[in-house]
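In order of appearance the chains are A, B, C, D and E, and numbering begins at 1 in each one.
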Amino acid sequence: MIRIVYFPKIGVPQFNLPFTSLRSALADPEGLVWVDMVESDADEINRVLVNQFHFHPLAVEDCQSDGYQTPKLDDYGDYLFLIIQSVIGEGSFEDEPTRELNIFLGKNYLVSSSLKKITAVEIFRKRLEKDERLYQNGSDFLCHALLDRVVDDFIPHLDQLEEEIDYLEEAVLSNPDPKTLERILRLKRYTMTLRRVIAPQREVINRLCRDDFPMIDPYSRMYFRDIYDHLVRIYDLLDGIRDMTTSALEVYLNATSLRLNEVMKALTIVSTIFLPLSFVAGVYGMNFHYMPELEWRWGYPMVWLIFILIVAGMLTFFRKRRWF
Amino acid sequence: MIRIVYFPKIGVPQFNLPFTSLRSALADPEGLVWVDMVESDADEINRVLVNQFHFHPLAVEDCQSDGYQTPKLDDYGDYLFLIIQSVIGEGSFEDEPTRELNIFLGKNYLVSSSLKKITAVEIFRKRLEKDERLYQNGSDFLCHALLDRVVDDFIPHLDQLEEEIDYLEEAVLSNPDPKTLERILRLKRYTMTLRRVIAPQREVINRLCRDDFPMIDPYSRMYFRDIYDHLVRIYDLLDGIRDMTTSALEVYLNATSLRLNEVMKALTIVSTIFLPLSFVAGVYGMNFHYMPELEWRWGYPMVWLIFILIVAGMLTFFRKRRWF
Amino acid sequence: MIRIVYFPKIGVPQFNLPFTSLRSALADPEGLVWVDMVESDADEINRVLVNQFHFHPLAVEDCQSDGYQTPKLDDYGDYLFLIIQSVIGEGSFEDEPTRELNIFLGKNYLVSSSLKKITAVEIFRKRLEKDERLYQNGSDFLCHALLDRVVDDFIPHLDQLEEEIDYLEEAVLSNPDPKTLERILRLKRYTMTLRRVIAPQREVINRLCRDDFPMIDPYSRMYFRDIYDHLVRIYDLLDGIRDMTTSALEVYLNATSLRLNEVMKALTIVSTIFLPLSFVAGVYGMNFHYMPELEWRWGYPMVWLIFILIVAGMLTFFRKRRWF
Amino acid sequence: MIRIVYFPKIGVPQFNLPFTSLRSALADPEGLVWVDMVESDADEINRVLVNQFHFHPLAVEDCQSDGYQTPKLDDYGDYLFLIIQSVIGEGSFEDEPTRELNIFLGKNYLVSSSLKKITAVEIFRKRLEKDERLYQNGSDFLCHALLDRVVDDFIPHLDQLEEEIDYLEEAVLSNPDPKTLERILRLKRYTMTLRRVIAPQREVINRLCRDDFPMIDPYSRMYFRDIYDHLVRIYDLLDGIRDMTTSALEVYLNATSLRLNEVMKALTIVSTIFLPLSFVAGVYGMNFHYMPELEWRWGYPMVWLIFILIVAGMLTFFRKRRWF
Amino acid sequence: MIRIVYFPKIGVPQFNLPFTSLRSALADPEGLVWVDMVESDADEINRVLVNQFHFHPLAVEDCQSDGYQTPKLDDYGDYLFLIIQSVIGEGSFEDEPTRELNIFLGKNYLVSSSLKKITAVEIFRKRLEKDERLYQNGSDFLCHALLDRVVDDFIPHLDQLEEEIDYLEEAVLSNPDPKTLERILRLKRYTMTLRRVIAPQREVINRLCRDDFPMIDPYSRMYFRDIYDHLVRIYDLLDGIRDMTTSALEVYLNATSLRLNEVMKALTIVSTIFLPLSFVAGVYGMNFHYMPELEWRWGYPMVWLIFILIVAGMLTFFRKRRWF
């Protein structure tokens, strides 16, 4: 699907410009064109990226590749090529957390391309129809606005991660079963994956606000710097969540050994009480012919007294040692 | 709330300058103006930061954002924009340890803004009324004095952290219960959070004393260098506290397994003494018709002798192995 | 074995050029020569690398050394010397994961040399016969195509690693025996070894796309950049696999202590039920002359009632503690 | 206490120069003055550092501060200000390991100041009276000689640390009690603290031998380089000691679990021998009317035979499993 | 011991040149002199290094110091001073792994000095007599050849380390006793020490092949680069060995807890079988007057049937849980 928006210098922006008018729109150096390609097949890719824009074959290939690609920024002179990762943001914390967005930034155009629909781009599209400030400052500002949208999408997702870790921190204390362990480890791995996405993404934006590119106005750099700050903050948050998963893991492992302690104490208390009792009972179960106690009138009650003394003594001992 | 202080080159400083006189005060290039905004709503922000000072929209937005923001320094040419974190400093070691202070530093003015009251700023305000040296050296020196106050506030808070870790180091030895574990982990996480605040703050101050900004006098740089040294020291202290929490954690985990050892030893000692005793008693409880010992005159005392020998032998064995 | 391919500027490429024509082919500055040496003995090495090309003795020595050599790039002015590691890619994850490929890159020639056959080179050779684009852009592009082939070979091998770790992640939960531990540790070590191969290889390619070498066309650099991106991605994947082996190890160790917990619980439950029961039975096995219960009509059933009460009480207690 | 030494270009050095002659001594550009202030109160500090030398207020404040200060080097143009940490070097490995020494290095003077007496300075003072080479090469060489003395003091202290770790490495094997754990952790923390002192100290000296200061002769730099090498070595040694404490900790924790193993084995051996024996004895303690074995002539000896067989079988089993 | 070799530009090299001819040999700018000092006393050091060569006092002091010194490179203008560590290479993996070699490299001379005999130097000396290429390319090449010999000596020693780790990896599985633990920890520490020697040594050689020194011919730099590659490889190998010791440690600790599991299982199996059996026997050992089972004709065989059922049931349960 190819969606073209044309913002002439003066006049009303044309959403849904037909493909046939693309060439003439691009010929207007004062105007601004945004070509958004979603779920495009090889034919569309060919028509737009190769025949119309003559982008470098490697960049076009990157747009078509469906494996994970690390965020990067390639400077092809006339245009910049960016690979950006946009968060998917569902609550499962499994598999790939992000979806790839490819962006070509030229003097008077912006081309975005993704193999699957990206929520951030759709939302951006809708805001564009209402907010004219977004496209009145040239392609670099439009690009900044799109990237800002993509990066802001990470924040609510990180809130989900924080909720999960909050839940897990309680769960390891109240209910430390293997399911909890699995969730901790899954969250930890997910966080690590996300960090490996954010780190190069941060570097891409850093280059946009630091390096000197002809299609980026020095004034706009401050805006990219703002996105950069957000990414630094996101990275910090991920660091915090990773630390918390590590702590949760430590508490979990400790809870396991605390449980073992509890079980062992129960065993020890029962054994150390009943083994002596059984011994005493065993003594008076012996069949010696000459055992004076057996014939005593108060022998039997006396043994019960011994039993009670043993139990009381043991319980006192355990209490002193604070075993229960 | 907007509080304006005006220090003319010559004459008495005017605390609580009315907002209407702000413009004329700023027009005096020899004077110095400090605008302090606390808990300001959108309207006040607009009136001062936008209409009066024409600060960059992104910086104004940063002043209004209520999420955590990493300390940073943005150079907007005519003025510097700083985000600084001031410690809250209560003893709970939970949640966010700091509160954000935004500072705009211009040639002849200093604007500070915070969403909530910051103790360090209030104290600074009071000192300002007494100590004229603070405002007689220009806006850069005033800014240094304010930052110095903010950074010095961390020191007593770190003392609290050290008290906590001192307490915990004793607690893990005397009373290693899960509550102690929780406090250790909370302190560790809090320390890590604080480190992530201090590290970029240190870098902000480092740039102030290293880079060449027109509104900072070369002579004043040495003073920022002094603040930088304090932050390096604070960071070092946090490193030390983190190491100590890690050690406390190790002792805690070891205490848990030492307890298990102690319990197991008790069980083992009782079992290995009474199982043989019970066996001997069981033997003479058998009902064989031909058991000569049963009919012996001294059979029963002999068995008691055996009992005593077994107990003595076992105790000797345990002592030798140093089990108690 | 020496295999020479000669691509004249105009005309049909000559696969299997005889060694005697090598000199004249090299004299053609417009042509392109690829000399591929596999399993060459000292004599062949001498004839080609020393007598024909006069390569530096150290580089020639590196080609002959059969120990592992870290990937590197040496600039000898007229030619570049590269040591590249190509993955072997069998499923055992033991020993050396790679085989060394030595490449000399000159203005109009490419010399590759390896002590053993390398699959990637053989496949590249076959593709070369079909795809003329590979040799029509000079020696740097030919070199890029060969390196691309070598690096792409790592991808399916990494898939094998991911399959292995997926299998192991399940195995540590379902069947945590020492064999599983061994496989986890082997995979971890293998991954670490591979990382140590990829990291310098990445740097070699980075220098090819970044530095200024006379035999590499600025236009070709973008292609080396593409290989570099692949290596960055491979390194990221290895990082991910390493994290996953660490997690698997943690689950494994926890599974071991969970098993211990399970065993201890069984012991504790049986002991705490039967020790009291045996004690009661022991009491009524005593031989005191005056034990009124023994003569009661319902004494024996009453004892069974006691037995049942004890068992029921204990089971209730265990259930409450959620021990089973 | 103020101690002034004056070394004229020609003639005898004047130890204990009266304070009143300080000004004239400093006026001699060919001479060299060393002012050593120990345990000076605010008045002395004021008289010397402020009124006489006019040092920067921040540097003077640093001299008076009694908290720990990170080693640093501040360049004030006419003079350098150094904060150096000198080791105290007692054997307890608790609290602060160092004492602060402040040094001002000018063209023809050296001012040292410390809140408490520093052994290295006292020793240096005595050597100065005997060794004229120390003061014949200007203030930079004198400063080098003092720093050399301070840094060399760390070496015997590190030997103490190595002795301690050697002792602990044996103790964890022979006597792994909680006291040993505490000493290991204390040594580890102490080593970490010392590393955090040495690292910035090394950087201070590195700047002295690398940067271009007017009061340091290029020829003298090589001598500072020598001190730098010593500090690098000290840092390496501390790294080694830290690694060894970590190893000792691992052995300690393992020793704890080995002890548990030993205890459990004893329990298991006794239980698995006596539980079957008691069962057999219990069988023949039953009161069934029809139990043929009870009436056998050799029934009782036969049971003893069974007892012996059970014990022998169990012991063989344990031996085979190498349990003792 | 002073051994002097003189290689005139033309003519036969003079091994064992008398000391008296050293001055004239050095006066020949075309010739090359190698002075090798082994186990030299202060007098020899003085005669050669101080009186003849006038080396810097600090460098001479470094030659005489007998503590460990980190490898370094000092540029004294006319000559370079290197501290290099040569491996001792015995199989014990204790104490210091290396011996110090001091090298002075001048335009037409090479001075090597060591407190104890170094095997690599002795072997180099012998090769020198046979291989004239080593001294025909100037002092820098001679120095390279010596360093090459020293660095190559590490390789067989690393093979010893790999043999040790291979042995230990098997030992932790087959025989995980404390001796094995000790050997693992010793190897780990030894590897760490060696890494701390190799890292600065690598940097020394890196400077030799990267920086611009007058006594090193640009052509020779490639040879130093070759040594550098070897050191990079050695460092990589040490990293690998360290990883393997860490793995071995993990397997060892796991083996300890596996053993505990095995012991506990044995205890549990025996207890859970015999405690119920003993209870049943205890029941029929009670002395109640009215116990109908006691008088049954088949009571006793019935009890044996119960015994057998209990054992069979328990064994089935254990098998199902895969406890043996």
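Note that a contact is a pair of C-beta atoms (placed from the backbone, for glycine too) under 8 Å apart; a residue touches a chain by one contact, two chains touch by 3 or more.
Protein names from UniProt, one per chain: A, B, C, D, E = Magnesium transport protein CorA.
As the structure is a prediction and not an experimental result, all values here were calculated from the model.
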Labels of chains that are neighbours to chain C and to chain D: E
Rounded Å distance, chain D centre to chain E centre (Cα mean): 26
CA centroid of chain B to CA centroid of chain C, Å: 41
Residues of chain D whose C-beta touches two or more other chains: 257, 260, 264, 267, 271, 275, 278, 282, 285-287, 291
Pairwise touch network: line, ring, star, complete, or other: ring
Chains in cyclic order, anchored at chain D, direction fixed by chain E: D, E, C, A, B
Residues of chain A defined as touching chain B within the complex: 173, 222-223, 225-226, 229, 232-233, 236, 239-240, 243-244, 247, 250-251, 254, 257-258, 260-261, 264-265, 267-268, 271-272, 275-276, 278-279, 282-283, 285-291, 321, 323
Chain D - residues contacting chain B, complex: 56, 58, 68-70, 72, 74, 76, 178, 181-182, 185, 188-189, 192-193, 196, 200, 249, 252-253, 256-257, 259-260, 262-264, 266-267, 270-271, 274-275, 277-278, 281-282, 284-287, 291, 293-297, 299-300, 303
